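Let me begin by handing over the structure; questions about it come next.
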């Protein structure tokens, strides 16, 4: 168990280091300095600015100092908006994005599992077809389309929910719905497939032979085994929700981290892009790790210390 | 009781005596195969034909490709701006309406289809080539090579896909070719994993071991045995790669990192349309959004259908 | 002897893509208290379907009991509603499946899997149920069961797992135990141990056992009576001695010839050529006719009547007809 965790932690650090390095050199391989675009700045001002951001030093030195500041969790200042640090932006944006992401994940998981289980229990029935149609539509409709539809229907046509900003729980409903549809559909399909597979297993027949009720068989015997494959995709889903927040926060004008990220892309604000990328990557890598640990706990057959590459 | 008595005498009067003669020997009868045997691909195709939803998806995609080729020619309008005709709703003149620069949405939709389908097809092709080679080598060589190659894959797998793509787009600059490059950098990993898994599994099947003992060369084994047997999961993965790529293109265009004007794509059109939806110009979002969703839907149901049709376990 | 269970003229069909598969076609037998009845036959002959019908475990759809009765304690099980059947399953009639590797839930501890069965049928506290679990694990020969209660199935060997499956089936003291190929997936040495266990348990508890198997070696060790099934019908049945020493049906003879025996001089094993008929459209005559060395015209035309050899021994074969015997004598 411990050796496995240490191994995984090392791999995580390597991946992170790879991302940091990749991001850093990619950003610095761009021709010219970020200040070139603004023609108004004089030669001297530009020199000063470059000195302030250490852009005049050799690349490797800059790389070294960036790594060092990352170790102290300092993502450096923003270039376009010198009054604030990347850390400030993350500090303000992250709690909001985190709230959005977490709720989305919860909504997607619970509704997805319920939909999938119900569909599998009514295999080839009307409910099954209905649930799977919802699921395929959910996978097929991009979240920005979903978001627009929701706004048009539930905010403009029938003003049930307020939109824009993140000020009350009512404001949260539509963004969460828009973001949760895709992951929910994926979970529903996966749960259904995996339930159908599990329900044909011998141990389900054994449970039936014991005289257990269908409810007990589903909840105690089938569900836990059926959810194992679902757990494995949670990491990837978290990643897609995370990138989804960029779009959703932009559409709903939510002042989350995604909005800063998208703005920094259009502004070519490199420290912010680097900072948020590294931050996002860390979250995702930790998520993947937690999912693996969870899988190990849920499936007693998996001995974590014996596990050698998948 | 009446019957039993007769049995005890062991003569059944209902049955005539002349039937008690030895039956002519035709052993083949017992061995005869009742149903015609179909090859794997014939059987799969037959089952796919039965799946109405999947066939619907296939027909839609064929039509889509057709329209992407000839669609722009059907409309009298070109991609040119006609500033006097801004934001016109769909009519007999402009079938899908016009946008804020007076461009024909119908023509633009099919131009967008070209880009989206091209991105999807190119990404799938590159994923296929890299994935099959990488996964095939890892799975077939096994041992240390496999271990090392899979370590690399694992680290790459840990990279957040769209973040890497965004980052590359920022660096490489927007454009069609950069989108394909960016999507391919991480896209092949899923394919490589699937191919490796399949190869590892099949490598140990008796029939492959058998051809090895006959001294068949490695390359020939791969070509003759492994590839046909791994084809099913690969095809399924490909049908899922295409919509992922199309979706990613739409997503990037939406963030302003995708195709640049005057070229167009569904993602870009949707992004343009989004800002005007509240002004009531619904057609500007509806048509690109509809085609993105419908294409994704078609690929998804086709992929599902193929998965069922190609699964040897489900053969009947 | 008291009849515990009686199956009368049972018909079971499955609806599939290709049409209706008539898996069981008029099977009748009775099970007496404390005896072991073996149902023998090739795979696909309907023996498992028969046993699952008794438990009400035929997956419906596609399966369906289309005729006949299954009498247990004065009730016809085919007429019972699902909740009623559930009270019987595991409590009065229980079942053991072929593969102990897959019959246990991999993500549940062993004790929980046994206890849930007890609590389902008996009003016992968890503590009492736990004690009962320990006792039954002792009975089936799990060494030191107290320390292994919290383990998962994968931590046990195949033989031990089958013992756990047996414990699970016996814990509510059922009157009938249906064992569907209980030893097929096990090593030969373990097989012998498990069969010994069946005998010991039967002596202690008086449970009646239906043993489903294709392995005549297993049958020879434990069965009191034997029913031979072919293409959804019982073609011959009788006590062990009769079936092994006076087999009447060519199929039974064929089965016996395909088993290695040490007590015979000629050590040659003869397999039965051909394969069982397609049950989509079973032949109107004797289903074995196509593979039978003694087949006559009549065999293809009419299904043979039942010939009673003695109180327990009966066979469905035209060779029992006097006219056939004359024919054979001429030959």
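Which chain is which? They are A, B and C, in the order written, and residues in each are numbered from 1.
Simple rule for what comes next: contacts are C-beta pairs under 8 Å (C-beta built on N, C-alpha and C of every residue); 3 or more make two chains touch, one makes a residue touch a chain.
Just so we're on the same page, UniProt names per chain: A, B = ABC transporter permease; C = ABC transporter ATP-binding protein.
Because the structure is a prediction, the values reported are computed rather than measured.
*Asks:* Per-chain C-alpha centres versus the global one: which chain is nearest?
*Replies:* B
*Asks:* From chain A, which chain is the farthest off, judged by mean CA positions?
*Replies:* Relative to chain A, the chain with the farthest C-alpha centre is C.
*Asks:* Any idea how many Å lie between the Cα centroids of chain A and chain B?
*Replies:* Whole-Å distance between the two chain centres: 25.
*Asks:* Using Cα averages as centroids, what's the distance between chain B and chain C in whole Å?
*Replies:* 46
*Asks:* So the centre of each chain is just the mean of its C-alpha atoms; given that, what is the distance between chain A and chain C in Å?
*Replies:* 54
*Asks:* Any chance you could list the residues of chain A touching two or more other chains?
*Replies:* Touching at least two other chains: none.
*Asks:* Which residues, counting only chain C, touch chain B once they are in their complex?
*Replies:* For chain C paired with chain B, touching residues are 16-18, 273-275, 277-278, 280, 289-291, 294-302, 305-308, 318, 320-327.
*Asks:* Could you list, by residue number, the parts of chain A that touch chain B in their complex?
*Replies:* Touching chain B from chain A are residues 11-12, 14-15, 18-19, 22-23, 26-27, 29-30, 136-137, 139-142, 144-145, 148, 151-152, 156, 239-240, 242-243, 246-247, 251, 262, 265-266, 268, 273, 277, 280-281, 284-285, 288, 309-310.
*Asks:* Chain C touches which residues of chain B in the complex?
*Replies:* 3-4, 7-12, 14-15, 17-23, 27, 29-31, 34-35, 316
*Asks:* Across the complex, what residues on chain A touch chain C?
*Replies:* My answer: residues 201-203, 205-213, 216, 220-221, 224-225, 228, 298-301.
*Asks:* Which residues of chain C touch chain A once you look at their complex with the stated criterion?
*Replies:* 55, 57, 86-91, 94-95, 97-99, 102-108, 116-117, 120-121, 152, 154, 165, 168-169
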